[in-house]
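The block underneath contains the structure these notes are about, expressed in structure tokens.
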Amino acid sequence: MEVFNIFDKLLGENILSALVSVILPLIFLIIYALIAILGELKISAWIQERLGPMRTGPYGILQPLAEVVKLIQKEDIVPAGANKLLFNLAPYIIFAGSFAGFAVIPFTAAFVPAEINIGLFYVFAVGAFAVIGIVMGGWASNNKYSLLGAMRSASQMISYEIPGALVILSAAVLANSLDMQKITALQSGPFWNWFLFGGPGDWSKIWILPFTVLLSLIYMVSSLAETNRTPFDIPEGESELVAGYHTEYSGMKFAMFFFAEYSNMFIIASILAVVFLGGWNSPFGSFMSGFWWGIFWFIIKAMFIVFIQIWLRWTLPRVRVDQLMYLGWKVLLPFSLVCFIFISLYRIVY
Amino acid sequence: MGIGLSHYIILSAILFGLGIFAIITRKNAVLVLMGVELVLNSANINFIAFSKFNNLKIDGHIAAIFVIMLAAIEVAVALAIVLNIYQNYKHINVDEIDNLKD
Amino acid sequence: MTYEEIHKILKEKFGDSVGELVNNPPSDPYVEVSAEKLFDICLELRDNPELDFDYLMCLSGVDFPENLQVVYHLYSMNKKHKFVLKVTVPKDNPKVPSIERIWRSADWHEREAYDLFGIIFEGHHNLIRIFLPYDWEGHPLRKDYKEPETYHGMRVPY
Amino acid sequence: MGEYLKNVWTWFYTIVVGMKITLRHLFAPKVTIQYPDERYPIPSNARNRLQLDPDACNGCLQCSRICPVQCITVETLKVVPNDPEQPKMGDGTPRKIWVTRYDIDFAKCCFCGLCTTVCPTEAIKHTTDFEYSSYTRDGLIYHFSPMTPEKVEQKKKLLAEWNEKQKAAKEAAAKNVASSENKES
Amino acid sequence: MTTTKFIDIDFSKIESDRMRLNVGPQHPSTHGVLRLEVELDGEVVTNVIPHIGYLHRCFEKIAENMNYQQVIPYVDRMDYISSMNNELPYVMAVEKLLGIKVPEKVEYIRVIMAELNRIANHQIAVATFGLDAGAFTPFLYLFRDREYILWIFEKASGGRLLFNYFWVGGLANDVYPTFKEDVLNIVKQVRKTNKEIEELLIYNKIFIDRTANIGVLPADVAINYGCSGPVLRGSGVKFDLRKDDPYSIYDRFDFDIPVGTGEVGTVGDCWDRNIVRMREMEQSCRIIEQAVAQMPDSGDVQAAIPKKIRPPKGEVYFRAENPKGELGFYIISDGKDKPYRVKGRAPSFVNLSVLPEISKGYLFADLIVILGSIDIVLGEVDR
Amino acid sequence: MITEIVFWFFAILTIGSACVVVFSRNMIYAVFSLLFTFFGVAGIYVLLNADFLAVTQIMIYIGGILVLLIFGIMITSNITGVDIKSGQTGKIQIFFAGIFSLIVIVGLIFIALTTKWYSAVPSAEVYSTIELIGKSLLTNYLLAFESASVLLLIAIIGAALIARRK
Amino acid sequence: MGLLNRLDNPYETGGIILGTLEDILNWGRSKSDWYLHFGLACCAIEFMSMNASHFDFMRFGIIPRATPRQADFIMITGTVTLKMAERIKVLWEQMAEPKYCISVGSCANSGGPYWQYGYHVLKGVDRIIPVHVYVPGCPPRPEAMEEGMMKLQKMIDQQAIFRKRQRLAEEEKLFELQNKG
């Protein structure tokens, strides 16, 4: 059994491979974020019968790059009344929290930056840093909009951790493991072996099929809330709080927030992909599988979920704070509890 | 010198002392709570250290889990009380909250 | 109800406080009333079930060369009739009773008339400037108004 | 409970309906007109930048008078009969008035089109040109009069001379009359 | 001035744990430059104080210095979203003073233009209302359709937004030959998009939850505050000047007055005010169809009026149903060619004054929705 | 070697940030440096092969308790200002408290150094604790586990009742 | 310092590294302009039209931001009243460098229709903040605003960050001025 000892792994004999496993996700994150930003711009435009960025490079594909180049040059303002230390610290904490999640994401069968046996739990836990960072930034800005946004954001993220955790728990019960690599390996074979369709097994899985579908929907919704995206983008709801907790941030620090949001999106998407969509498994059994195909399938699946997040964002209006709480506590929580109970019963019976 | 059991115990002792100091000197109820958290954490370090240096008996871990759970409960209830106090007194200075509510 | 009938009812109740009905087309007919009785007249206009003026369409101030005037355009939602009241006040003491308590819509209209003409509505709960900044000087819709040279260091004329 | 489940179902259902619509639009043809490369055909009567035809302007000042914002500044001089040039209007009729200055301040203009309707000779017209933004405020003041300052000075001098002459002639005439009256008396 | 008072709020009354938030004048959702001073108790709004005047453009003073024709461009700029509807009561007020009647064709074109502009206005209203609730995509769908209406306006009058098209005694110029077909195409397109918007936004459960039972305005309060237009009709009062006090040729058309019924919530909530606008677009489509069918093909577009408009001494108050409510013009003429006094009774100005009344006790997010449902235009509020 | 570096790093992080928690007069700094204390303790747990507990520490302490504490401070202070000063008790009290806690610390360290602890040399073979914890929670410690869950339920209800506005 | 001095030289004399770097930086700045969502009056409606599908402002890489801290340029769209002017000044000061301003419409350019009798209208926004591009029109067509935007992008593209192309920029301005007359 693999052991959670990240320090031994990191600083052990094989420093080079450790460095690679740290740097590769970072490079991937940067490239992914550029693509996702462009995707967000383009998909939103196409949904609205527009064209989106067209004049930066062919069909505007260099747009995110231009934005990065610009953000680097922007003046870095610290507002007059702000608390300098916390104000400067907050973006890094948020970014660290979201990047730490990349440590355990299984890109393919043979490559995972740091393989630990409670990966799902770990990804979930490091998300807590984002809450603290948001509150920190919102407070340090010395702006009422930021503060309100931060408070809302924190309460929202904490509330939606519970249904999310229940979904993870159900998945753990189904897979008998919290190891992301193991969960993925379990779902090998054709696509009806994915946990979305009840997982591997005989026809008895028909009993839990509706519940697994429901669970994936619940996780989708609660993950949207945790990443502060529409319809749950109340913390940064433009029409109420100017830009929420990052109202006062400019330049590179704002870019950190931006990056963190997109990397959070990817982490959420990859959890969904791993737990419900079979991770790096090919949907056609052993056909089109292998090291590189694994990476391909994993990224395709994660990106599809990112696409759904973008799609939802440009379709729905924003919910209100109390409705958000209602949805979290009175809809998602009972539903996920019911699913959890049924899945546990299934595991006991079969 | 390798890291032995005593290192962990000394670490937890310092943390414990700091927590005690905070509990005694702080006026603000929330900060007192934070001192309590430090004390609880130091206890946890001890539990787990003993557990590791005792051939990985799992009992220390269980105890730590219960401590963490207790800490969560304690903070939730204590903060509720603090809020209640705040509503009545408009401040949460523990030294000045000395009259029984009639 | 026609203007004449409404005028008759008012005349019977308030006597000399209500002036004659002035009617020369194409202008709308109107009645001049005295400022002292304005509040009671308006209350009567609203609460008399025959008149039932529940809707204040418009309240405008006018600056005539010798005096200031406030014009009230009234309408009844149920009876679908209109009426026009006018109150004339001298320029050096432009005081009119506020009818904000009768029709809430008069609230902002009165503040507007105060802001632009300097007509003081007595009994208004919050008679402050509405359009112009609170530290603006003068009432610009008076005919003799001269715009200031600067405001907070910004030059006003072109 | 039934109400609750129905609510949850409506949440889900309406969201799916909305997503269906947006998905349809995702693949629908786009309506964007890519401005610098493609252009929406602006109708000929659209009111954009004003253009003066100096040949047709007879200096009647109606446009500057009707303009609600007074953005047209016109200065005119009379054409003297003994001017060596003897200018003609666009349609060939002799010009009676020099338009020495015809400035339109597009930073003030409100594009209401009143000036074009009062113009008797259709000299001032709205064009469909809207691309004339500028880096400076002065760049928005357009001088339409084709006359150079030197020429204006020259014409002014001519007019002054002519006026002098007229005055002198008048005085002379008056004197003549007076003298003849004197003679008669 | 001795009587100039400063901000009137009694600060002693405010409890210490209430937060005062300053919304605007540079806020994304204030529909222009409105400043709201909001008193919050947690997230609950306890008081709202609107501060207006950030767009006070001195319309009434300017109107006194212009002649009757020159005022029209300024009238356009009052409610810049529905300029045609602004011009209509102004020119009709002056015509009433002058005592002239305009040709038949002019009346029809005026009605068609006014109703088209009403559709355009309501499209913006619904779009920005959706934007306030966080839905961006319906906003752009509605703006796309509005663009087609603007193309008709531009072809007919030359202006895209501010037209100066209705003149005293007629129109600036005749409409172009294919006008009728274009208008009928627009009607078709509007109906199609409205159906889509209803599915995408209006009957979306999230949207309903955001807007139903929020900002309830009872009918008697609405009347007492002088509200008009969709705000009043949303409260269930069947009052429309086109029917109750008909002007122009509106008595020739068959149309209904949609009122709020509390279909998904209480009568007079934000959703009702919004659905009234949606239904009114449909009614406007009906009016346009009838008007296009009845409109004479040829005829004058300008009545015989003197070149210099000098109405006789007198005064007139003329009101018309603007998309936002009752727009009245009170014009006093002293016999010269410039009006002695022009007062615009702006519907938004009156409707906005009801905001503090209906937003107390709701959440801060609701305040934005309530403001959006009133549909104000600051150019008209501040004039 | 590496374990030592890591230990000292986390020990210094923990103690240093705990000192900020205890001595800082700015409540905001105090509460945010608690983040690093908790994180440092989690690191120590990892060193002690308590992977599950480390993640639990992060999730509950940082994601839950710390956020609650921050909310507590925000609600009970004038939240619009950035620097919130917290008063400490009188100098004499601080002095005696210092003496007392110093005695506690020195005493504990003395005990730790002098006591002959039973210390098995930790086997190099390390393995996951999660399975063991799960098993023992549902076998040996079942009663404690169940009563703890009842306690949690009571605490949730009680806290909600107390904090609710009248 | 010697190295820096050499790099500081214009293109022609060998400052190629800085020159290219400047090109890249200017490219980023000009292609990704985020504007402050700030509507004042009539022009704001046309501005909304420009954001809408038919004109699609985003083609130029322009994204609306609600907060001045993250905005690169501000478009003053509409009448600036004296009551509002101070706010605009504050907003302008809140924006992070490098920042630009486009004045859209007659009102913002010079007070527009209100310049004569508007006692409460600021006669031109350039009296309180620097304006980089003036877009005429009342209100300007959406295309005209886009044209103004392109002018701004052109200006940014040729800006001298390392004092390299000052001469070029001056020439450009001079050319512009001469062309106007």
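Just so it is clear, A, B, C, D, E, F and G label the chains in written order, and each chain counts residues from 1 on its own.
Rule of thumb we're sticking to: a contact is a pair of C-beta atoms (placed from the backbone, for glycine too) under 8 Å apart; a residue touches a chain by one contact, two chains touch by 3 or more.
All of these numbers come straight from a predicted model, not from anything done at the bench.
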item: Distance in touch steps, counted as few as possible, from chain A out to chain F; value: 1
item: Chain whose average C-alpha position is farthest from chain A's own; value: C
item: Label of the chain whose CA centroid is most distant from the centroid of chain B; value: D
item: Length of the line joining the C-alpha centres of chain E and chain G, rounded to whole Å; value: 32
item: Distance between chain centroids, defined by C-alpha means - chain C, chain G (Å); value: 47
item: Centre-to-centre distance between chain G and chain D (centres being mean Cα positions), rounded to whole Å; value: 27
item: Distance from chain G to chain F - Cα centre to Cα centre, in angstrom; value: 53
item: Per-residue overlap in chain E, given as positions that touch at least 2 other chains; value: 16, 19, 28, 53, 56, 58, 61, 73-74, 137, 140-141, 144, 160, 162, 200-201, 204, 206
item: Two or more partner chains touched - positions in chain B; value: none
item: Contacts with two or more other chains, residues of chain C listed in rising order; value: 131-133, 140
item: Complex interface listing, chain A residues touching chain D; value: 43, 46-51, 54, 311-312, 314-316, 331, 335
item: For the chain A and chain F complex, residues of the former touching the latter; value: 1, 3-8, 11-12, 81-83, 85-86, 89, 93, 116-118, 121-122, 124-129, 131-132, 135-136, 139-140, 142, 144, 147, 151, 154-155, 158, 161, 178
item: Complex contact set, residues of chain D against chain A; value: 8, 11, 15, 18-19, 21-23, 25-32, 34
item: Touching residues (chain side chain G, partner chain D) in the complex; value: 53-56, 59, 106, 109-113, 115-116, 124, 126, 131-138, 140-141, 143-144, 146-148, 150-151, 155, 173, 176-177, 180-181
item: Of chain E, residues touching chain D in the complex; value: 66, 69-74, 76, 137, 141, 144, 151, 154-155, 157-160, 162, 164, 172-173, 176, 196, 199-201, 203-206
